[in-house]
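Note that the chains take the letters A, B, C and D in the order they are written out, and that residue 1 is the start of every chain.
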Amino acid sequence: MSHAPRTDGSTHTAVLADDGGTRQLKYAFLGPVGTFTETALLQVPEAAAAQRIPASNAAVALDMVRSGEVDGAMLPIENSIEGGVSATLDAIATGMELRILREAVVPVTFVLVAQEGVELGDIRKVGTHPHAWAQTRTWAQENLPRAEHVPTNSTAAAAHELLGDHPGYQAAICAPIVAEQTGLKVLARGIEDNSGAVTRFVLVGRPGPLPAPTGADKTTVSIPLPEDRPGALMQILDQFASRGVNLSRIESRPTGQSLGNYFFSIDAEGHASEARVADALAGLHRISSNLRFLGSYPRADAQQSAIEPHNSDAAFQAAHRWVDQVITK
Amino acid sequence: MSHAPRTDGSTHTAVLADDGGTRQLKYAFLGPVGTFTETALLQVPEAAAAQRIPASNAAVALDMVRSGEVDGAMLPIENSIEGGVSATLDAIATGMELRILREAVVPVTFVLVAQEGVELGDIRKVGTHPHAWAQTRTWAQENLPRAEHVPTNSTAAAAHELLGDHPGYQAAICAPIVAEQTGLKVLARGIEDNSGAVTRFVLVGRPGPLPAPTGADKTTVSIPLPEDRPGALMQILDQFASRGVNLSRIESRPTGQSLGNYFFSIDAEGHASEARVADALAGLHRISSNLRFLGSYPRADAQQSAIEPHNSDAAFQAAHRWVDQVITK
Amino acid sequence: MSHAPRTDGSTHTAVLADDGGTRQLKYAFLGPVGTFTETALLQVPEAAAAQRIPASNAAVALDMVRSGEVDGAMLPIENSIEGGVSATLDAIATGMELRILREAVVPVTFVLVAQEGVELGDIRKVGTHPHAWAQTRTWAQENLPRAEHVPTNSTAAAAHELLGDHPGYQAAICAPIVAEQTGLKVLARGIEDNSGAVTRFVLVGRPGPLPAPTGADKTTVSIPLPEDRPGALMQILDQFASRGVNLSRIESRPTGQSLGNYFFSIDAEGHASEARVADALAGLHRISSNLRFLGSYPRADAQQSAIEPHNSDAAFQAAHRWVDQVITK
Amino acid sequence: MSHAPRTDGSTHTAVLADDGGTRQLKYAFLGPVGTFTETALLQVPEAAAAQRIPASNAAVALDMVRSGEVDGAMLPIENSIEGGVSATLDAIATGMELRILREAVVPVTFVLVAQEGVELGDIRKVGTHPHAWAQTRTWAQENLPRAEHVPTNSTAAAAHELLGDHPGYQAAICAPIVAEQTGLKVLARGIEDNSGAVTRFVLVGRPGPLPAPTGADKTTVSIPLPEDRPGALMQILDQFASRGVNLSRIESRPTGQSLGNYFFSIDAEGHASEARVADALAGLHRISSNLRFLGSYPRADAQQSAIEPHNSDAAFQAAHRWVDQVITK
């Protein structure tokens, strides 16, 4: 007997397995262990007791979802400083269809760590992921003006290398959790340029019933820009605006075909089962039939959208009843 | 046993009556006999053998339709020189709902008639309807520079008064058909300022099944302008434009409440049973729920509208199928 | 020595004449004496002591302005019940350019008058202008259900005919002022269907310096709808909307060429010397270069428009300074 | 005596120096030597004989421009596969104002290089920049399925490390030019996933007279999205659309303040000295007065824009003359 993965965000740590017993849930995340992504995954109630599997990149994590190897994958999608995470945006917009099941927002704060005995003045090279380096530029220029950046695959990897035999640098920039996990000495805390920076993550699963609408939801779509019609982006935005659907994120991404060939990754306020969002989606499909629906899911901030009366479900239903009656009477 | 009026434009001259027999069809028209409106009514195949009843004004004619006294009423709605016919526009936009069943376009051409023996030089006063006077200003200023206008209720009435004992003028301006009917002498033909002027008429009936779509149809609506939202007219127009629905007529009319309080009478290309028109109507209902649907009916000129692929019925159906599948999967 | 007409609304009753003396101001108005139009003209401070000349129609009055025979003409342009006054709209939109110098709003109220001795029950026919008849339909249907309407050229003319030998009717509907002037007996007062109805009039003069902006002004334009571009009306409206310029009147009028060929007569809030209005006018000129500017003048209601900061004169000036500096630096 | 830098794209290799002699032009580029950016810089006629200085990142290169240390800096701004280059977009949108002086488009093609004697089967790790790795995924998965990626700061650096004592990998992915410069063995050519991929570069200088319009130009702006007005992005796009100005690139970037806080980096067709572009810039300034003008410069593809008559310089001039005449007459 086969069972669909749980995609409703409820607090389960095991699913009914094919043999009639239960099996532990499994989630992939952008590894290695100790990144902010793992912190985001731990916000999912089911994840604490689930098996958490680090993946080397977004494409790998999503292929594990597609193949059924894991029940979901947690990936960064947007950073308040660095912007959209291209690898995630591109990986969910192509290949077998997937669905975003929930979002998580994690504050971004960094520490500078080193082996015991190393002081600031000793540091010539600093290992960290380029994004972390970008987000600590000001602190580094003031406190480590001559230090060179050694790029690593993750902030956690940068810290772990310090524990090895011949680290390529004297200090690492990483998340606070990694300092705890490794026992490395913290030379400085809160070294990020923009305190208040956050990263937004999404939990991605296979298509299935949508999470139930909560009144405070988001809908994510990926929409190729039709080439042959001028003003196409305005037409796309108008599908939302004319139904009173606000956008909370819009990101242009190249399709990879040529310069000027885009798709837009958009987060809209509302749930696809709400009439104004469904109507906007139908309008988008007419303009750009290759758009991809990437899910409707609760907002991390649980903030309700204000809906004008003429954009309410009731207004849409009344309008359709009226048209039906007009045509068939 | 009661029967709905025939509204499909087919060639019937009688309907099944309550006593099981048949009764003759009856049509009202803006009288008197001999106006362009009667000419328009005679374009309706069923009208030749039907009973034709002149009405003194649009409101009276429509009340005859509403009460069931007649099966339809032919009324002028728009003149290429004088513009919208306010009395008709206002009378169909209020009161019990009605439907436009078909349209007719009649060329507007005038003759100057008089009793035998009267010459141009004898004419001091000319009787005619103010609209006809307005449409023959240039000819009259050149040929009858000192003649005074005596307003009459219709061009036909103007001519008929010449046959009476003490006509208040020496000549009348009327339609050619009236010259024939009365035997009055034609002093000048084609005296209209704008040759090529036409008047458009509509045949109005009670609500019922819409005339079947022909691929070359019009839909008429009357839409109160919501007061409390700036840009409301643009929002209304956008409901059509965003679905590729062209407008062939737009007329503002006061609601009668105060200056600046309007409704718009609009003819759109297409039939309410076509998806792009139905979707535009639904959008309009949300913005202005007191709008009034006044009918979908074949265009007099039988000109097909060009429909872009993304506004076709097929595109709308595909879009709705896609949204349904996205929500329920 | 020649002098331009006074167009600034100041209280002058005479202008310096060519011979060095002064001459009395002259104003035409849509006659005859005793219409609401004369009441409107009397609202103009200069008009009380000026010579007031009744004109038989709008075209005649405007030709007197154009020829210099009068200093201005007062004409009805809009009625809260009947809508735009086509004759005025068309007459100012064609021919030699003119300018609206001020507006006046007059309440529309009617009385039923007759000769001494005539009672309601005696009335078989009622003389009045068709507009007045249209605006007293309800009262007439209730109180004079069998009375027939005899159209006259004006409500005042209807009353004056009752003083003659063989009036064609027993009673007339006219303005209260005419009852006073004629001494006819008032059978009923306030018989208009919509109490609160008003007519708006405009004082039209020759082009010259615009009346100074007051902060509560209107600008009137007449804009042919370009045929060859779909969505042209939306483009026209957008020129106003995108600069935050509200419209207080919009009226479609046929150009007279063919059905579907329109110009729009529009009143916009603001003065052409204000940057947002000037910029909108420039945008309109690009789209429809045959548009006609018909004047900027104080609003009768003296109501100030709310202007968003980004549409203020300061914002426009700052924007142009910035662009100039960007281009030339 | 001080001199402004040459910013007109003319073929000069030296400028008049402060001591009355001449000095050699200097250009920074995103280093190291051998990247596509140097290839782009070599497309600038003046650059061949100029001093070319590699910079470690976009911010450093632009600071060299700002300080006057160099006359310009060549930086990647957009890649047809990977999208906008965030570091460049952010660095030119903040800090002291700069100007884009010209653009260059360079085809992106990669080779796999190694030391003599190394074969495909020997490769366990591949060094290259993450962007290059991203652009050769398909080839690598097919031909080096087990190879691990070692991130480097540039593709050229990856190749140069192979010449050292203890390279951290057996092969590198780099530009063809680097294979020539280093003499490394080419194991595979044209290994990029998307043949036809290109990167677009911009030459950035200090503000000064704009390059003369050529009829085939681009204008780049960076526009913060006003937070407090819904539909602000549509308003921004409408400033271009309503003047017939097409966009060739639009990129959203976070302002760094919070999620949902964006600026848009936009390339529009046309030159700021053309009326339709200048008018759009003025409109943008009113909506978002902190926008940043980043230059008008010739298009690399020299493709002329089609300009509708109503958006031509002549139409703008005629419109402004008309408005001036209307106001002042």
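FYI, a contact is a pair of C-beta atoms (placed from the backbone, for glycine too) under 8 Å apart; a residue touches a chain by one contact, two chains touch by 3 or more.
Keep in mind the model is a prediction, meaning the values are calculated, not measured.
Q: Give me the chains shared as neighbours by chain B and chain C.
A: Touches both chain B and chain C: nothing.
Q: Using mean CA coordinates as chain centres, what's the gap between chain A and chain B in Å?
A: Each chain's C-alpha centroid was found; their separation is 59 Å.
Q: Express in whole angstrom the distance between the two chain centres, defined as the mean CA positions of chain A and chain D.
A: From the centre of chain A to the centre of chain D is 28 Å.
Q: Listing for chain D: what residues touch at least two other chains?
A: 238
Q: Line, ring, star, complete or other: which one describes how these chains touch?
A: If you draw each chain as a dot and join those that touch, you get a single closed ring.
Q: Which residues of chain B touch chain A in the complex?
A: Against chain A, chain B makes touches at 207-210, 235, 238, 242, 272-273, 278, 281-283, 285-287, 289, 293, 310-311, 315-316, 318-320, 322-323, 326-329.
Q: Can you list the chain C residues touching chain B in their complex?
A: Residue positions touching the partner: 59, 78-84, 86-87, 105, 130, 134, 137, 149, 151-153, 194, 196-198, 200, 230-231, 233-234, 237-238, 241, 246-254, 256-262.
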